[in-house]
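Both of the next two complexes hold chain A, though its partner changes from chain B to chain C.
This part shows the complex of A and B:
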């Protein structure tokens, strides 16, 4: 706890020199990570780090609509799928394997288009939020998300059961982002920029409007906030994150997409990240994404035998952790850390006050 | 010209006529009292004025010369009509400062996407707004608590914050729904004097719902009385106090006049 407070103090001190200084230092510290991993551990870890970065984007984006704005959505993985499949199909060469669609666009063109398409899809996923709340909204968004996956699964042009293969990697000049390490720089940068912008949103009138809607929708509308507009905006912003994560996922080595990457299990995993991190807490979501990605990876081959039959227990473990978390740690890691920070600030202020009176007397 | 005017304002919930053809005018720069027994429709009246409820067919509301009968709540807020809620409805998890900053929302000059496009401008404007809001918190006596979540304030502080959040909207008119509910008599007096200072400072027109009749009688220029959703009396405090219809509504027909006078003066 003291250690965390020290770090927070250090970040404050850096930020007071220049607002972007802590971000720059974080970036520089993250640069050598692939080399550390491949030298001291193994390069498979880099792939894990890359997937963590994608899930960070997803979690931070989901946090905007769910954490800031308080709208339940279980359709986020569907948006991720739309971003992935759109960018894949746009960049694949025409006439690919198994009747897959292809438009042969450069990857740097297909990614922004995929993000725009996903943003629009986010608007549609958000529409039910105008009339529905809570569990009803969850059901509506779940339906939309799942129907995306099923549509992909039954449409040969989008890969159906075989999936999309040989999706091209992005490149700059002759440099191709086709290895785990080179791709790391792409997704790590995207994740950091995504986190930065989510703070920009949170600390603005837009973020305050989102939170006001979450806290009390009627009071928010009476305070002059156009509730429908801001709810939809939250959905669109979070969809932009999901679309970018999806598109980056599509072009990540080995350049292969399958609809199994977008199931309800993935959605539960994503929710677990946000809940573990603390709903509404940006850094919490980031930590949740990293922890759960690693846990997911470690447990994916976890099998118990029941009457000589193998049973994959990962979904059970994840579902159970979710229930336990909501019951016993509803504010997550982030909520706990925020408490630590607030105490620290309180102690500091009291000390300042005491110091002041001591001087005066 | 009246700042606010309703004509035949009505609202029914199923079979219940909560507001029944109420016509009412509020002149600029006055304090207008709205009283009536529990369930007589006072809060419903506020909900209709601020767009929280949609009025029934045939109703008309105009504010500052603009027809707001079917305007949504956020548009009415932008026109300069602010209110507090009987049950406060603060943003509990947001800091005290953020609560008033949300109140300032209608005056935000940058668009909702500005944080993604022009962060420097957002920070510049927010800094100015924060200073203005800190000054407002200073004025209502909550500056020391600016950083704590609204839910952690005491009951009296919460009432002040609800008031501050409405004032942050820089309204022309302020609707106060039982601002002193749950406060001790001394605190109610303090709150009323704060309200009167704010009225002067910001040139406000006020409608206030209050159960403590002594407070209403001493602060209001005009008083309207609701009973079962109907306006049964209206006039100066002196007139309303003497109106037998009011006396009946409050205490039933059998009560002797003296008892009622005594109750109102208490």
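This part shows the complex of A and C:
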């Protein structure tokens, strides 16, 4: 607790110099991470860190529509799939393996196009939200997300059952981002920028409009907020995050994409991240993404033998922990975090009022 | 492929039979929605558990098919009531009374669905098992134009009609059914009228899960039984419930039949490999243009 509030004090002091200073320092501190990992542990951890960064992007993006704007969507993994497959197909060489489509565009062109396409798909996913609320919306988005996966699974041009292979890696000049370490810098930068923009959105007028819609749609519309416009905007913004994460995932070192990466289990994992972190809390989402990615990786091969049958227990554990989290910890880690920070702010304000005696008395 | 009226008729007949099964599952979802104000995302798993209970009863215990059907319904009803009592009831209380904050319940149901599927791996394994049922005493139907309808389809139609009539009789003509309808209408007033609301909610859940189990046992002989079967069924039953108007019981059956026909015609005339997408397509179209459903009254927005 005290430690946490020390850090918060430090960040405040830095931010008072310049708004971007804490972010710059965080970036610099994250730079040597792959070298620390490969020296002291093993280089597999870097791959894990890369995947954490992608899931941070996804979770932070999902938080915009779910946490800020209060729209229940469970089809987010479909947007991720659209981003990944679009970028992969655009950058593959024509006439690829197994009848896969290919346009042979450079990676730096295919990623922005994929993000645009996903943003447009997000607009389509968001359209039902204009008329639907709550459970209906969850159904519509679940249907859309799952149809995307099934469509990919049965269309040979998009990889169907074999998946897309040999997806090229991005490069600058002669430097190719084809190793875990080099790719780390790409996704880490993207994740940090994503978190920063998420805070910017939260603090802007747009973010306040989202929150007003979350709290009470009718009251928001009475106050002159264009509800339809802002709901759709929330979907598009979160789709941009999902599209970027998907496109970066497609070009990640193995360069291989399969529709099994976009199943309901992945959706549950993503939801668990947001729920564990606390719905609507950006840092909570980030922590949730890191914790769940590590937990996912560690429990992936955990097999229990029951009546001579090998059973993978990870989805069971994830599903149950989601139920239990909703029941017993509905505000997640982020809620606890926020409570501590609010306490600190309260103490600080009282100190100012009482002339610095509040902490000791 | 030239247009063939007989095959069109055959597709429609098979679509209706499958659609009735979707309708039975949708009936349970609608029942839970109108009774508890929640959308139960783990209902597909109740269907899957029902199919497996029936399979175990018929193969391992060796009881005849109708007994297996009833046994599976009872066992699944108990399972459903237990899940509701242990997990969902806690959440509904947290929301105050029996109405629920939408997002928590959706996430909870989603997690429960995944947990139940993977719990089922422990007991039933990952292999798809054929449901062998001796149905020789059921007559094969032959429609004009040499359309042969297999026994299992005939049986499905008969049992579905029986179940629906039974449910209708229970809800409309018994005192307990009246209490259930009162709870669905307004829980606070039902309380004041001396109805045991928690008991009725358990009953609603048990009924809905029993219906899902019946659907599972009925579809068993047509397709094989496997652990992953609940998810697609859930989506199709949702589509059926939405098409018929959420919360409307006759609408659920009609919606199920429509989804069944739509899906079979799509598979026959457009593309068979995209079969599972048509239900979603119908779901999304109806949700976007007529959220209250094709036969429904004004949609109750509860979230």
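In this text, the second predicted complex is superposed on the first by the 355 of 361 C-alpha atoms of A that agree within 3 Å, B and C clash if a C-alpha of one lies under 4 Å from a C-alpha of the other, contacts with A are read in each partner's own complex, and residues count from 1 in each chain.
Please note the rule applied: a residue touches a chain if its C-beta (ideal position, glycine included) is under 8 Å from a C-beta of that chain, and two chains touch if they have at least 3 such contacts.
Since this is a predicted model, take the numbers as computed values, not measurements.
Chemist: Does chain B (first) or chain C (second) touch A:207, or do both, or does neither?
Modeler: first
Chemist: Classify the contacts of A:351 with the two partner chains as first (chain B alone), second (chain C alone), both, or neither.
Modeler: Neither partner.
Chemist: Touching A:12 in the superposition: chain B (first), chain C (second), both, neither?
Modeler: neither
Chemist: Pick one for A:219: touches chain B only (first), chain C only (second), both, or neither.
Modeler: First partner only, chain B.
Chemist: Where does A:233 make contact in the superposed view: on chain B (first), on chain C (second), on both, or on neither?
Modeler: Once the two structures are laid over each other on A, A:233 reaches chain B alone.
Chemist: Based on the superposed arrangement, let me know which partner A:131 touches: chain B (first), chain C (second), both, or neither?
Modeler: After superposition on chain A, A:131 lies in contact with chain C alone.
Chemist: Of the two partners chain B and chain C, which one touches more residues belonging to chain A?
Modeler: Of the two chains, more chain A residues are contacted by C.
Chemist: Which residues would you name on chain A as touching chain B in one complex and chain C in the other?
Modeler: Of chain A, no residue contacts chain B in one complex and chain C in the other.
Chemist: What residues of chain A sit close enough to touch chain B in their complex?
Modeler: Those in contact with chain B are residues 197, 200-201, 203-209, 211-212, 215-216, 218-227, 229-230, 233, 345.
Chemist: Using the touch rule from the top, collect the residues of chain A that touch chain C in their complex.
Modeler: 66, 70, 72, 74, 127-128, 131-136, 138-140, 142-144, 146-147, 150-151, 154, 264-265, 268, 271-272, 275, 279, 306, 309, 311-313, 315-316, 318-323, 326-327, 330
Chemist: Could you list, by residue number, the parts of chain B that touch chain A in their complex?
Modeler: Result: residues 50-52, 72-74, 77-78, 82-83, 85, 89-94, 98, 101-103, 105-106, 108, 110, 112-116, 119, 122, 126, 147, 165, 169 of chain B touch chain A.
Chemist: Using the touch definition up top, name the residues of chain C that touch chain A in the complex.
Modeler: Its residues touching chain A are 33, 38-39, 41, 87, 90-91, 94, 102-104, 106-108, 110-119, 121-122, 125-126, 231, 235, 238-239, 242, 246, 273-274, 276-277, 280-281, 283-284, 287-288, 291, 299, 301-303.
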